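Dropping the structures in below, format is structure tokens.
In the two assemblies presented below, chain A is common to both, partnered first by chain B and then by chain C.
== the complex of A and B ==
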């Protein structure tokens, strides 16, 4: 009974939502909507549980006076401040200020550093070592050149060549990945629906 | 881990009741560590506390689960049997006092005198091995299989004969026995106490009963390294760290792979990257005169131009501030265009940070066009959790996914921009701005495939190739990479320019990458010739 109940619930819920995808019936639709609403509530609660876990993790290390405890303290203070700004003072604009003047610039700065790393990496990546490297170098040069605003002035065929690269070899590879992923998803779903796998009820 | 003696379920260490059958684990057979005195489960080979070996007998294998000793369960005793048993008990005591001999075993309720005095187990003195570690006995097969016949080791330990030294293990270390005070002979052993001496004390006792043992020096694995080990470690350190002296005239040859970008080269590259970013601030979009909008940009511009005034468009800001530098200009251009067309916009995000980015964009729009008001022309719905499930719920009922709006916390029915919206099918267009392909795939699979609403994706340039199949299949009406798409959109849609200078920066950076690629190969070719 201890194992049967979660498996039965999972199979029934899974089949119901699956049926809701294909069948339009008031009862199936309404129950399916409630199940989806439950998933959203669970997802939101998981976020809350994650915050609690994060707080507990760092609080334990601060109390043990471990290395880098100062950074952990800053993290906890920032987290607490943001929570207070969002929950206690929702209309004060404090949350928008934190987002616009702290979070946004920090994230953008980190992303901007990528430009330096990309150029450094290009020094090694574009080196001609073998045939594969030659193909990658030519493809990269074509795509880069075609993205230049004046690429048409260099050659009218450059944008066409870039389009061909994206439409044929890239699309073929991407479709293969998407189809493979879809087959894997179907297999996993069937295994869960048939109770071959039940990751939600680990022994 | 504690294996339940009743059902063999494996319970976590410290469990007092079996997770599967709910029985008490207090009667479980323990094995005492000869080094630290910790009590271990019978099947343990090494102590869980100090990792010392638990002195298996020579040639002995750890006992399989199937042969675990079952706890003693007293038989059901009727009143008549009870009276008979007590009479027999008194008679045996009287005989013993007459002869001066001590009975070898006390009869338990339900046992006949012959069983108590002559039975193969009850009559014989209970060995120390039986008391402490049945796995060491080597005679587990002789133990009674039935629950009624099995003898609890703790019960056996109450016998005075078993107190004292333990068995001798393979390493010659005497395994200590559990020290339990001898029972008061004046008190008769009640059936309850015989069944479970720890009955009622489960909550008071920890997993390990407070049995104190004198510390005995371990002859097993020691944590402190020996002198030999210290010497060997020092020698290894010398070999690993110190370099062997070079012979006279020897030349150090580094492997080719070690030849990376020299520091001076890296410095030059970083200065060039900085220049590529700074110089466009002074050129102010000279390169934009060369820009030609691509077909997908033109398609989106045409679609928005054809929308009637008051049409409903859903925008989802599914990107993080990391990619805001790339996606914000395109988002701003599209929103400006929609606002100019007096289209009603409903804004949401499937990423927690996305709605903050949208708020900043619409703040700019409101400052530029004060007539474009919140609630009347646009509404921010907020963050939608649940990924696929959240998007599926949008198809069913918009009000189920979002009860109130993000800024004013009012029900959607009270806002004129959302009052007539029930499901996604009420929207004329859906535009998703995203920095990862999986989010767009979710939208296509969960929303577009179900509703057939015209769907557009504005993405980062890195994501664009992964979504081309969806565009070619017609599921995405337009797929626009943001890096160059913002400038193209501003030109094609005649929107207020704010991203034009970016075309200079992109051009400068792409040219820099091309130069790096060419110079790199030229340098390597030159080094190769030198080497050959």
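== the complex of A and C ==
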């Protein structure tokens, strides 16, 4: 029963929402909307559980006196401070100050590091291990060179070649991935809807 | 007949839904047929995807060495357009969790999505119980670092800091944070395997991973790892891909000949 009930509920809810997508009927529409609203409420509860998990995870490591306990304490204090500022002073400037002077600069710093990570990943990926890496290397070099302001001085065909690479092979590859992903999404959804796969229910 | 057609026109809101309904009608019988065949034990030929072979090896290695594996479940969310991808990340986590739990080994899972956190905790708890070590289950073996992608990457990288991990397995919805996480932790793990179906994220992870899973390969994880019943849906997917290719070719021919 413990296993059967969540599977049955999931199938009924899933089929109902699917029917709501295809059929326009007042009863189906209203129940479908309520079910989707329920998902939002469950997601909010899940976020609350997630915060508790976050606090538990770090509190446990602080109590074990691990060497990076100070960072964990900063995280917990920042979480508590932002939560209190949001609940107690919702319309004040405190929250926007936290975001404007702490959160966004930190986020920008992390995003800036991405440039270096792209270079280090590219260094490893473009080593001539096989034919694929060679194609990647040549294509990337052409596209990078063609982005230079004086690229047409190197060759007038370089900007045209870049445009062709982006318009034809890159677009074709991206569409192929999107098409495959769409097919994969449909089959995965059918697996869950028809209870072939039920990652939400404990065996 | 007219009455039925009128009822259909009244019930079905617009032509877009009709196209989707057509796809579903095409998909469903094939899916049921092949899934039943897969469940009855019929084997389907599979091309090798090196990433899944590597995951199997890494899990065995982790069990032997006692070094934990980190499974990054990404930011895919149940109840959104990334639900299917999130489900596949849970499938991979399930595979790793079952094997390491059988030998009472540690595992670390991280996610940027609380709905996935709850599901993954359920999977790990079941795996520990089934293996006979329920006392080994700790909810904090799975960590949630907030729904912001880069914050998740920073948190997960920090979680790997304290103890050496054997490998990073990143499967699910990843964007640039996947590259951030993989590169920030590359010196702390022996191997990195993973991928995503989002085109931009897939390109970044391809560059960073030792073995990458690209695009629709993500949805084949169950069939390749430990769920033979998924083979049926994989066969359906392949047939529908052929149908899509034929439709594209027919479309090109008709447009070129001026019939469309």
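Everything that follows uses one rule, which is that the second predicted complex is superposed on the first by the 151 of 203 C-alpha atoms of A that agree within 3 Å, B and C clash if a C-alpha of one lies under 4 Å from a C-alpha of the other, contacts with A are read in each partner's own complex, and residues count from 1 in each chain.
The rule is simple: a residue touches a chain if its C-beta (ideal position, glycine included) is under 8 Å from a C-beta of that chain, and two chains touch if they have at least 3 such contacts.
Remember, it's a predicted structure, so these values are computed and weren't measured experimentally.
By the touch criterion defined above, A:113 lies against chain C but remains apart from chain B after alignment on the C-alpha atoms of chain A. By the document's definition of touching, of the two partners only chain B reaches A:96; chain C does not. In the superposed model, A:22 makes contact with chain C only, not with chain B. Of the two partner chains placed by the overlay, chain B and chain C both lie in contact with A:122.
When the two structures are aligned on the shared chain, A:33 is found in touch with chain B, with no touch to chain C.
When the two complexes are overlaid on their common chain A, residue A:137 makes contact with chain B while staying clear of chain C.
Once chain A of one complex is fitted onto chain A of the other, the partner contacts of A:183 are limited to chain C, with no touch recorded for chain B.
In the superposition on chain A, A:56 makes contact with chain C only, while chain B stays out of contact range. Of the two partner chains, chain B is the only one that A:152 touches; chain C does not reach it. In the superposition on chain A, chain A positions 21, 36, 39-40, 43, 47, 107, 110-111, 118, 120, 122, 124, 174, 178 are in contact with chain B in one complex as well as with chain C in the other. Within the complex, the chain B residues that touch chain A are 20, 260-261, 265-266, 269-270, 272-273, 276-277, 287-288, 290-292, 294, 320-325, 352-353, 356-357, 359-360, 384-387, 389-390, 392-393, 396-397, 400-401, 441, 450, 461, 464-466, 468-469, 472, 483-484, 487, 503, 506-507, 509-514, 516-517, 520-521, 524. By the touch criterion given at the top, residues 2, 17, 21, 29, 32-33, 36-37, 39-40, 43-44, 47, 95-96, 99-100, 103-104, 107-108, 110-112, 115-116, 118-120, 122-124, 126-128, 137, 140-141, 144-145, 147-150, 152-153, 159, 166-167, 170-171, 174-175, 178 of chain A touch chain B in their complex.
If you check the complex, the residues on chain C that touch chain A are 11-13, 17, 20-21, 23-24, 27-28, 31-32, 35, 77-79, 83-85, 87-88, 90-91, 94, 114-115, 117-119, 122-123, 125-126, 130, 139-140, 142-148, 150-151, 153-154, 158, 161-162, 176, 179-180, 182-184, 186, 197-199, 202, 204, 206-208, 214-216, 218-220, 222, 227, 229-230, 232-234, 236-237, 240-241, 244. Across the interface of their complex, chain C is touched by residues 21-25, 36, 39-40, 42-43, 46-51, 53-54, 56-57, 60-61, 66-68, 71, 107, 110-111, 113-114, 117-118, 120-122, 124-125, 174, 176-181, 183-192, 194, 196-197, 199-200, 202-203 of chain A.
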